[in-house]
Structures are given as C-alpha cells and as structure tokens.
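So the structure is just underneath, and the comments pick up after that.
First chain written, first letter: the chains are A, B, C, D and E, and each begins at residue 1.
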C-alpha cells in the first residue's frame, strides 16, 4: 500500500498540474477524473462507487423491507424472487440489510478518511512548513506511530474507547493519520522546495499566505487521490473491527458485523455470509480500481505503455 | 482413552481465588472438590465433609472431614488443608476475588485434624450452600510449595489430576486413580473411566461441530444455531443443563421518567411476549423464568412468582401507557441495551419488535459487558434522557444474589426500596431454611409487583453440551457442572 | 598535471571509405492512447568507417529514437519500426533473431547514453558491469576479462583501475562514470559507437575531456561514431558530417564546414543564429540573437506541408501546402526546403 | 559606472551542515567561501562556474533564502545579513529574482495574472483595477498579451513561463534582479528570445542584474562584468572584455578553452583540457582550491590561499603564480 | 553501514521509548474508572479490592511517578499480571508469540513466493493478457477482506470437505490461516512487485545492459531482479508488519492460539495490563523486524553499505 501510494503521490503531484481543467481545484479534480475514465478499470470503479452512493442515499426506496424489519420473510430462507439475497435468522431481508449497510459504509469511508486526511494533512503541512524543532518532533512522532501498523493502533483505540461503530471509525481514522501526515509532509517538502514557493517568499508573503495560498492548494489534490485508495483501506479495516466484534454491534446492518453474525449459520444458510462479504469486497474493489485508475491515468509512463 | 471437550474460551486461572469466569469454574470442578456438594435437586449434600453442623445462632459452622481423603500428590487431605485454603482466601495478603461471598467470616479454627470451624460475625444463610460452590474449592496445602500454583500447577482432591495447561489452547487432566466419589451426583463411586480429559479452546462454533462430527472431539459447546441439527443427529446427544443458576432479566433506570413509575415498567413487561421471543431466538433450549432467581436455586417457585409478574398483555400495556400519557401520537422512546454474545442481541431485536406493537420505540445498543455495567450505574445517576432498559444476567446458586443486586445502593444503584432492604437483610440473617424461604419470597413479591426486575429466561452461556453417542456416560449436574466421571472414552 | 592537446581537423576524404552502417528511410512510430505518432519519419544516412556523424536538433526532434531504433532498443511494446531498413555491415538488422542481435550489440554496435549515473546498475560493482560484456562477447575467462577491463579503464584515464573495479557507481563522479560507459562500450572493439548526448549532463571542462577521449578512440580504433547532441558547438568541434533533424525529419545534411558556413535550411540558420558564439559578441545589447518564433509542434499536431513552415520567416503558401523534398543543393550538401535559393543572403 | 554599488558582498560565507559521522565532529560544507563582489546600477554582473561551485548559493543568500554564515550583504549600502523576515520585506521589493526551472517557478494553482500581481498585493502597492493595469502593462513589457492573464501556468510554453517569471520580478520595479540560470533549461531557439528580452529590459529600466550561468557564451553576450567561481571562491573577476580577451587565472583559461565553438574553422585552436574532477566542497584541497587540476600549480599553492591581485582596473585574479608574474 | 545501523537502532530505541509512554498512559484515556471497568465482569469484588488493584497498578500516583515505576518494572521484565486470573503478562505473551510469528512467517513465505513470481511475470509481460489476468486477480485479492476469505476457506476446506483438522495447533492447522493471510498479501506483493519491476525495466541501466548485448536472462535476473530486490525487500519488511496486523484477525477466525486472539479477548475483557503488554510487545517485534529489514536492505544496496 505504502509504496503504491507514495508513487501515486508523485504522479498525482506531477500530473494534476497538467490536467486539462481550467480554474478551481474542484474542476481540476474533475479533469483528473475525466482523464482517469479513459482507463477501463477506473470506469468500472467509478461506476461501482456511484452505485454505492446512490444505494446509500436512496436506501429506503431501494430496499424492499426495513433493515430491522423482522418476519419480512420466514427465517433463513434461501435467495428467491421475494428475497434476492435470502433472509436471516429473524426473517429479515438480507438484500435490504445490505442496501442499508451501504449507508454505514459510506459513513465509515467519509468519517474515517476525513479524520485522517484532515489531521494528517495539517500535521504534515505544518511539519513541512515549519521545519526545525516542530518538524522534527512532529515527524518523529509520526514515524513512531507509523511503525505500529494501522491494525494495532485501531485496536488500541478501540481498547480505550470501547467497541462501537463510531469508535471503530475514529480508531481507523486515527490509525491512518500518520500515513497521510507522511505523504502531506513529503509533498510539502517537495512543494516548498519549488521555485514558486521561494518566489512567493521573496515577494515577502507572510506565513498564512505561504501556507494556505501557496502550499495547501498544491498538496491537497494529490492527497485526495491517495484518499480514494484510503477509503478502501478504511472500509476494510472498519469491517474487520466489526467482524471481530469491536466495531458495529448487531442489529446494525454493518457488513462486517453481519458477516460476524452470519458465520454461525454458514452451514445452514451460507447466503447470510456470502452477500455482506461480497458487498465489502465490491466496495473495496471499486475504490481500489478508481484510485488505481486515477493514478495510472496520471502516470505518463504507464500511459505510454498501454 | 481420552475424552476431548471443546469450549469457546480458556480458563483464566487454575486458582479458584484468582478468577470468576464460568469457563474457569467448570475446570476447577474437575480438579477440586468442595466440602459440600449439590445433589441432582440442587440440595446441599456432604462431600469432603462427611457432616456439618450449624450453631443455634447461625454464626458457627463446623465441618467434619472424611478421614481417608488423598490429595493428588499423595498427601492426606485434612483440616490443615481446609485451614490453608480458607486463610488464603480470606485473610491472606491477596484474598480471594470472591471473599465477599463468603460472608463475614471472622475466624477459621482447626478443632482437630478432621474438624474445622468457621465463625461468622453475623448469621449468613448462604454460607452453607456456598461451601458447595467452586469458589470454595478445597486446595491442598502442598500447593504452597509450588511457585506456579494457579498457572502451571494445581493440587486438589477431585476426580481429575492436573496434567498440563497450554494457555489458549488446551488443558490436559489425568484420571485420579485413587478417587473416591463422596458426593458428586454421578454414577461412578470411584475413579473416572477415561484416562485423560482434554479441555480444548476452540472459539469458532462451526469448527467445534465439525470436530465432533469427525470424532476429533467428544464433548463440545455447540453454537445454538446448530443444536437443532445436532439433536436430529443419531450420533450426537445434546444435553441441556437445567439448574444453571443463571437468569436473565430486564432492569430499568428507575431514577428518572418514565421508569421511575412502576406503571411504565409494568407496561414494558406486559408488552413483551416472553415465550414467543424465547421460542424464536432459542427454541426450546432455554427455560422461561418467572422468579427473580433462577430455577433450581433455593426459593425458586414459579407458581408463586406467576401471581405477581406481568404476563403478556398488550392491551394492558397500552392502557398503562395511556395513563402515563403515551400513545400512538406520543410514543415512548427508550434505549434497550445488553452485552455482546450468546444471541442476546437477537433477543433484544425480538423485544424491540414487540414493544413497537404498543408504541414503544426502542433503539438497541449492544456493548461489551464492562461498558454495560458502567453504563447501567451511569444511567441510574442521570436525571435526563430517554428511558433505559437493560437485559442483564447474573449467575448465583443462592438467593443471596438478590441482596447483591437490590439492597441499596445495589449493584447498579438502581431499583431499591426501604422495605425491600429490610427483607433482603433478613434473607441474610435467617438461617432456618423454611423461614428463609418465606423472606426470599417476600423479596420476590416486591421485585415482581414493582417490576424492578422482570425475569425472562434461564439460560446463559455454556449450558449446552453436545456429546458424541459413542462416548456415553456424560452428565450435567445442577448449576452447570459437567460430570465426566462415568463417561467412557472413545 | 597538464595536458594540452592539439588537433588538426582530420579532413575526411569521403566516399572512398566503406559504409559500416546504413539507415534507409527509417520510420519509427509510437503507439499511444489515441493512435500512433511518428517520432522518426523517413530518415536515411550512411555512416562510413572512422567517420564521426553528428545528429543535431532540439528536444523531441527524434534523435534518440533514431539511435534506439538502430540498436533495437525501442521501448517495448509501444515503439516499433514502421518502415525502412537498417544495414549494419550490409546485414539487415531486421532479419536478425533476438540472439543474433544481442551478439551484435556491444560488440559490433555499441551505445552510450546521456545520464552516466542512471545508466549503470547501482547495485552491481563497476568491475562486474565492465567484465560481463567482455566475457559475453569475447569469450574470455573472468580473470582475462578483468585484465581487459583494467586496460580499458586505463585507456579512459581512470586512475588506479585495479582498485576501482570493486567500487560501485555511486562512488564515482559523473565524468568518470561517463568514461566508464565509454570504456564498456569500447571494450569489445565495436565498429560503430552511438553516443546519445554523452556530455549534456556534464560540465564544460569535463565535456572537453570526454569529447577528447572519443576522438582519441576513434583515431586509435577506427570506429565510426554517431554523435547525437543538441549543441551546435559540439558538432562544430567533433563532427565530420552533420544531420539536422526537426520533428522527426532530416532537414539538412552535409559536411560540417559546409553546413556551418552556408546552411541550407531556415531551421539550421535559426539554430546557428540563436546561439551566442564565444568571442563573437559585441558590446552588450549591440547584437540581438536571432529568434525562432513559436515552439516545436507536437508530433500529433504537425502543420501541413513543411513541418517548419509555421515558424519559418521564408514560408510561403507552397511551404504550407507541400512537403519539400530532400535534395542535394550543393555537392554533398542536402536540405529539405523550397527556398534554398533565398537563404544565401541571410547567413 | 561610478555610481555607488547597489549590491556589495563582503567576504560572504555560507556553510551548510552535512550529515557526518554520528559521533564524530560536525561537518560543514562551505558552498560559498569568502566571496566579495559589487554590482552598480545598470550593470549586469555574470557569475560563472561549473556545477556545484556555489553560484546559486550566492544568489539565494542575497535573497535571504539562506542566512549567510559570515560576511556582509550590502544593498544600497545597508547590511541585510542580520535582517529578520519582516525587516527584509522592503528589501525584497527592491531586489527580485528569476529562477531556472520554468515549470517549478510558477504556482500551478494560480492564474498568470494572480502570480504577477501577487507582489503588488503583498507590498500593498496596488489593488483592484490599478493592480490589473500594472500587471497588464508588465505583461506587455515582457512580450506577453494581457489577455493571457486569466490562464494558468501550465497553459504556457517554457519560454512564456520564463517571461512570466520575469514579469513577476519586474512588477515591483526593483533595482536589482538576481537571475539564476534563467535560460539554461530552455531550448536554443527559445533561449535566444529570453536573452534578448533580458538585455532589453535591463537597458530600458536601468536594472542591475546578477546573472548566474555556467554558459560562457551566453555570459559573454549579456554581461558587463564577469566573476568566475571555483569551489565556493572567486578566482577571477573583471570587465567582460578583460575576462574573455585576457583571462589570467588558469581555471578561467581552461573554462574558456573548453567551450565548444560553433565554428568548425576554429577546430585547430589550442585547447586546455583539465585533468580530473572538481573536488568535493566537503573536503576542499588545502591552499588554492584549484591546485589539484591546475596546469601551473606550484608548491606554494598547496599551503596558502592566494589573495586577489589586481591585473588592471577592475580586473582581479586570485592566483599565486599569476600574481608573481604580474608583480614581476 | 555501521553508522546507518546505529542510527536505525537509536530510532528503534526512541520508538520503543515513546511506545512505553503511550502504553503506560493508555489506561488514563479510558473514559470512566478503568479499575471499575476492568472488574465489571467479576462478581462480588469489594471496593477494598478495587482500591488494592488501583494501588498495585500505581493509578493513585502522579503520572510521572507512575511512568517511572512502570519503566522500572519493564526493565526487570515485569509487565504486570492480568486482571482475569492474575497471570504474568509477559509469560502469557511469550507463550503465544511464537505461534503468531510462525503464522506470519509462513504467510509471508507463501505471499512472497506467489507474489514475487506473479508480479515479476506480469511486469515482464506487461500489457499482455497474462498481465491483465494476473493483475485482475491481484486487485480482487487486495479487495478481499481476509476474514471473509478465511471463513470461506475454513468452512469449505475444513468443515465441509474435512481436509484439514479443525482443532489443535500443529502444522495441518497452520495451512488454512497461513493461506488466508498469504493469499491476500500475495496479491499486494504481486502488485507492488509488478510496479517496482516495471520501474526497474524502464531504468536507463537496463537499457545499458541490453545495449551491452547481454542475454535476456542475464538482464532480467542479474540486472533487473538484483536491482529490484532492494525496493522489494523494503516492501517485504512492511509487509511483515502488515502480516502481524492481519494475523490478529486471522487468528480469531481460525482460533489459532496466537497473541492476536489473546489481544482481542483482552479487549473484550478490558484486561488492560494484558492489552498494554500486547501493544508493547507488538511494537517491539515490529521494530525488530524493521531493523532486520534495514540490515538486509543495507546489505543489498551498496549505496548504503558504503
């Protein structure tokens, strides 16, 4: 993940500049997306992500039953016309639960990545800009935390906060901070060594202008590309925690938690376990494809190879 | 041959003073004996002690030991061992975690080599049955010489000798060839039939079932979902523990509306169809519970309790709610909490569904037990917030449990009344069984009428055993005591 | 520690020498997202024995692609030769198998690249990188190959070569690495050395050393050199003959003195005019450098007709409509321009 | 050229700490090691030398992008070495810079107009329409069209970007421009137009310019005076004609002779080809830094650092051997 | 090289030092009274007992004092005793650590063999159908939650087909968990190997090797692989820590008796001394592995060796 992402950053930094959009960062990102969708994988990924988002937003309209509605069918019914994904032990419609689960997944992705992206970016930015002691202490700390791997940090966070989906999201978010901080830091170092930064500096620009007008807009876009890949890790990690019972608790239709509950029925009703697992996998796949696609689209070398 | 018994977790310690988990208790029971035992009816009978005597005022209890008991290491078991155990548990620098349950023991005295006397400050009705509990397992004083007692060695007098413990994985127990059964409710007067009893930790339920089917395992704790198919399986016998001492009940945050009003609590009780919920979630594997303490525990009397509880009656519930101003336009919103595991969250989902029928909107919160315990106390200290109901469970072999739970301030600082306090104090000081039963029932009456505690079922954890049919002889004694003495190895 | 060297222009007597490498109508294409682009378009030239032929042109004009095409080292699978022939000692390289081609590379046909540091494997010792080719092509044993390597290093003036064999590239300076590269390329006595901007990454004083060395080697071994550069100065110093490329096309070719004295293509004129020449400056601001307006067009957006037409001050409608042919406008001096006649006055 | 110097460097030293042994003595790298020079209004001084000799470090130190380790930097007679960032602000208005890399020197997230106008905002020189007017005018001055103000940097070619950099440097009407290899990343044809522009602007606006370059031909074309650096030190400096016609230092001579001349008829000329490589500035040779490659080095060169001797008016050289020759 | 290693060692010591601070303070981050939470599941504990534990853990002392005492105990190898069962934490951890290491190492072996081979082939054949196939498989593998893959393997191969024993701790029991962990990571390694080998194949020195006329195999193995090994080994070091993280989850799926399974139980039981010990030990293992990787890295890369 690591190197893959560092590479993504390099490419993104280089190539977002060259992306054919006109004005704002937002439009530039759209330009990147457009470029990315020249890539088949990215198109599939984007399509799946859109489906996921639509599913999450319109869950009540899409799902034929309520997420917790018992007796929607008989319990442990195999997939059928009425219950596409079958029913669980309470006769709840698995399809509806998976659909509602999309909401939680989006929530996990947004909140966890939001936490790590925001805090990580700020830490990296400050460390890269400030230099000296601030830099050394911040980055040393980041290095230390980084060496623990995300799983351990997430576990420690849940151990302290106690198991719940909210805490799992926070834990996953915290765990990924060093990752974003490092990337933000290295991008900041690269950017601040570019001549445009020096030019602004010798034009007499103040700290605020240097950080927020010159550096931030230049480090955010590559980080957003990275965050796309980050969503997949976050979703996976949070589902893992839920699976272990450290995240979402039943009856929450969180996919990891559903898997965890479903495994008791595996021999009798394998569909209870199959569909949530597939849902996780497809979601993660979608973000991976999208992230990879963007990265590849931005990579002039890769492009030339195809 | 070996008997292999697979469970979902490991013991915490071999030392009965250092842990409290059921998983640990089950294993201690194989290694150690207590002074007394429970027979199949849950009555206290003699065991290591061939007789016991309670003084008139109930403060002096004297035990007389059999004179031919041998410890696993070959030393005789006598009054010194009892003294060593009791002093370690009560007066050592690191007393037993369950010290409080022993009552106010002020002194333990060795009368002679086979007689020991416990002196209590105040009479304590639960003391005698407690002497049949695993927490009072009798340890041999030769344990004092082992540096790793509790973690790597354990010397008792029970049917199985401790062999080895690979933590997290398995415990090997060897048959005690010299064992003489003096009180255990099992059909074998002497040494166990099998050579070894291997207790394995296997967290995944499905793999335990698979292991049982392949013959790798002889006794397993089956996942509830699989019980039906195991029961139908010729090659497997499913044993369901009856007197487990465990009970599951609802309790409320009673210090604020709506559940400071008994009517609200009764409404909840009326609204839930306990039988139906049990049926859906557990099938016929758990027993409906009517009393505040579990069936099989002293004082339990379903017929008595039924007079005071609130059976399923949605209309009544609606009525009560209406009295309190709740209705379809103004539904009561509450939190329904429990802790993880054993299908309890499924139970809550049933209750949630039923409460909805009478316009009580419950949101479910499932947390870990530690959080839940803290949360309950916290909820009782809050003056604001939605109503809070908790599906809680406790295990005890004696109605003294009620004292722990409901005598003010109470385990969770929840429901208590001055009247109940007085009665609960009496349950402790009344020693005569018949009189004690009376006071216990008085406590039941208050708890049930006030709906301070709404009993639902007797169930819990590790109370199902699936045993392969080619290794017969397995039995569960009362309070979930697995008996392997008469079991044949494969 | 002095080394002043004097050179006379080895005035080549062309035509009489045999042709070792003949590139005929070479066309190389790159597949890209939307189709393919022609990086080299119909380039031909002959390289005589002992000759130094220079190819010049601005960035992107197709110099490197030409050399990689000859070596058969085009990036796979994007780049491929779409037309033409390359004859090395009268053998058509296209007809060779991969194995035969590998036998040829490094032995008959060598190449060195622009960046000496990245052109050597950072994790293998210099000795190993020097000897492996020798062992491969000359069939020498390891100790023999080492001896040969040491000798080659001595020839390119690496001090204490025995000791430095076990060193790794990062322990060498840029100039030394380029000398090592040359030593490797020359170690199997190639008949042709293709040097793709061998001095662009180096400082002038180092560049002078390297150019000196290459000339010296040519004189000693009689190898032919294709020297690719964008620096007209280097061409003037080194080449016997020069080819000027623009957008994948050859626009001018001729003996070096003729081309410098009387360029026959507006692009060459522009290049020469734009270049400040040492010793020819008046006082500051007196002489403006000639500017070539506009920028080199992208290969997928070439103007119609002459590719230089949109930047050329002589361009007429004809230029914008029709591709000028590559013709001999002077004996041995070729160019592709409709208006060769008009140019004279401007040089 | 008799006006007071606009920039004066007095024994400027810039050392960088280098990662040395963990427990050994702390090492430093003297990128600039005692450089003194001056630039007068309307004058272009070229600073030449090979890669790594410290040219850019001189430029950056003047701009206070690095703090000098020792020595004085006088701008219009005032030492800016001790100034804080705030104190530098008015100085930066009068001293501007142009960088080498046309792609990195413009913020890709800002429009061309915003980039050029930013110094005006920062120094509070102009706002709104007034600012736009000045920016547009500056655009014209450097040969760009004002209608290109709304474009982003990536929409410009390399040469145009360099023009934007120049525009940004000019917009506050500075007295001095430090141009660090402003043309070396450009193709020949584009390079020519930027050089022409710089010469024109310098003349028209009476700018003083420090022109950093490694290209002796370009330098000859653009500068009034030339200073030659080797390993952090000035080895020779003087009026352009003097340096090119009458170089004294063996390094200057070698440098000039090594430049390939685009004239085949000159091939036969005598050339000095130096042996060996530039030593590392971390462990510079004792005495004269050039002695390891010097064709005329003597024993004294290994022991003492030569002092600058005047060859003629404004032409100085730091060489033991030449100094002796000149004295004789 | 010695200097490089000394630097790494110092960084490692610092990391561990910071970890000890974090670990010792962990318990104070717990919302509420940690001692009460720890004993929430034990019935009949008296306030005096809680007070006693509080004293034993030093929670009544000022923070700095607590930390110094904690460090003092650590230096004597005393990680305290568990709340449940009062067992020595260090002993419990050391007993299970080998199991986790065996699992992670076998998984790494599987992942490396598969990942390196497939990644190398895909890079070499880039653009071909084989590349597309391998990389599609790999991205599916990367997106597959390993707890899910584990469950499916478990139920299918062990429960359903009965090919592997479901209980015990011998070699046959290792197969499925190691495969689960190995396969998902093989996908990651394959992707990383591919991209770093593609980078290598594009390097100038590979072109030089071809230009020298070396046989293809020699270029591929001596030049490309040898150079590619350096980044790949670094990546494997990281991978090992991921494996350790992944092992936590996989151990729980397969009931493998490693530290991970114990850690999750400890979290459920709020056994803070055990959790603290686990985190510390995990950090130390990770740090040691990364030092080991640094050594290998230094041995492989002459730029560092000298």
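In this text, a contact is a pair of C-beta atoms (placed from the backbone, for glycine too) under 8 Å apart; a residue touches a chain by one contact, two chains touch by 3 or more.
Each chain and its UniProt protein: A = Nickel transporter permease; C, D = ABC transporter ATP-binding protein; E = ABC transporter permease.
Just so it is clear, the structure is predicted and the values come from calculations on it, not from any experiment.
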Contacts common to chain D and chain E (chain labels): A, C
Lowest number of touching-chain links that must be crossed from chain C to chain E: 1
Chain pair with more C-beta contacts, A-B versus A-D: A-D
From chain C, the most remote chain by mean C-alpha position: B
Centroid spacing, where centroids are CA-atom means, of chain B and chain E in whole angstrom: 39
Where chain B and chain D are represented by their mean Cα positions, the distance between them in whole Å: 87
Whole-Å gap separating chain C and chain D, where each centre is the average of the chain's CA atoms: 32
Between chain B and chain C, centroid-to-centroid distance (C-alpha), Å: 90
Residue list for chain C, restricted to those that touch at least two other chains: 75, 77
Shared interface positions of chain A, touching two or more other chains: 162-163, 245, 263, 266-267, 305-306
For the chain A and chain E complex, residues of the former touching the latter: 1-4, 7, 41, 140-141, 143-144, 147-152, 155-156, 158-163, 232, 236, 239-240, 243-246, 256, 259, 263, 266-267, 270, 273, 277, 280-282, 284-285, 288-289, 292, 301, 305-306
Chain E residues touching chain A - in the complex, by the definition given at the top: 11, 14-15, 18-19, 26, 29-31, 126-127, 139-140, 142-148, 151-152, 155, 159-160, 188, 191-192, 195-196, 198, 202, 231, 234-235, 238, 241-242, 244-246, 248-249, 252, 263-264, 266-268, 270, 272, 275, 279, 282-283, 286-287, 290
Parts of chain C lying in touch with chain E, wherever the complex brings them together: 71, 73, 75, 77, 98-99, 102-107, 110-111, 113, 115, 118-125, 132-133, 136-137, 168, 170-171, 181, 184-185
Of all residues in chain D, those that touch chain A in their complex: 60, 63-65, 88-89, 92-93, 95-97, 99-101, 104-110, 115, 118-119, 122-123, 152-154, 165, 168, 172
Touch list for chain B against partner chain A, complex: 204-206, 209, 223-226, 229, 280, 340, 345-346, 348-350, 352-353, 364-368, 370-371
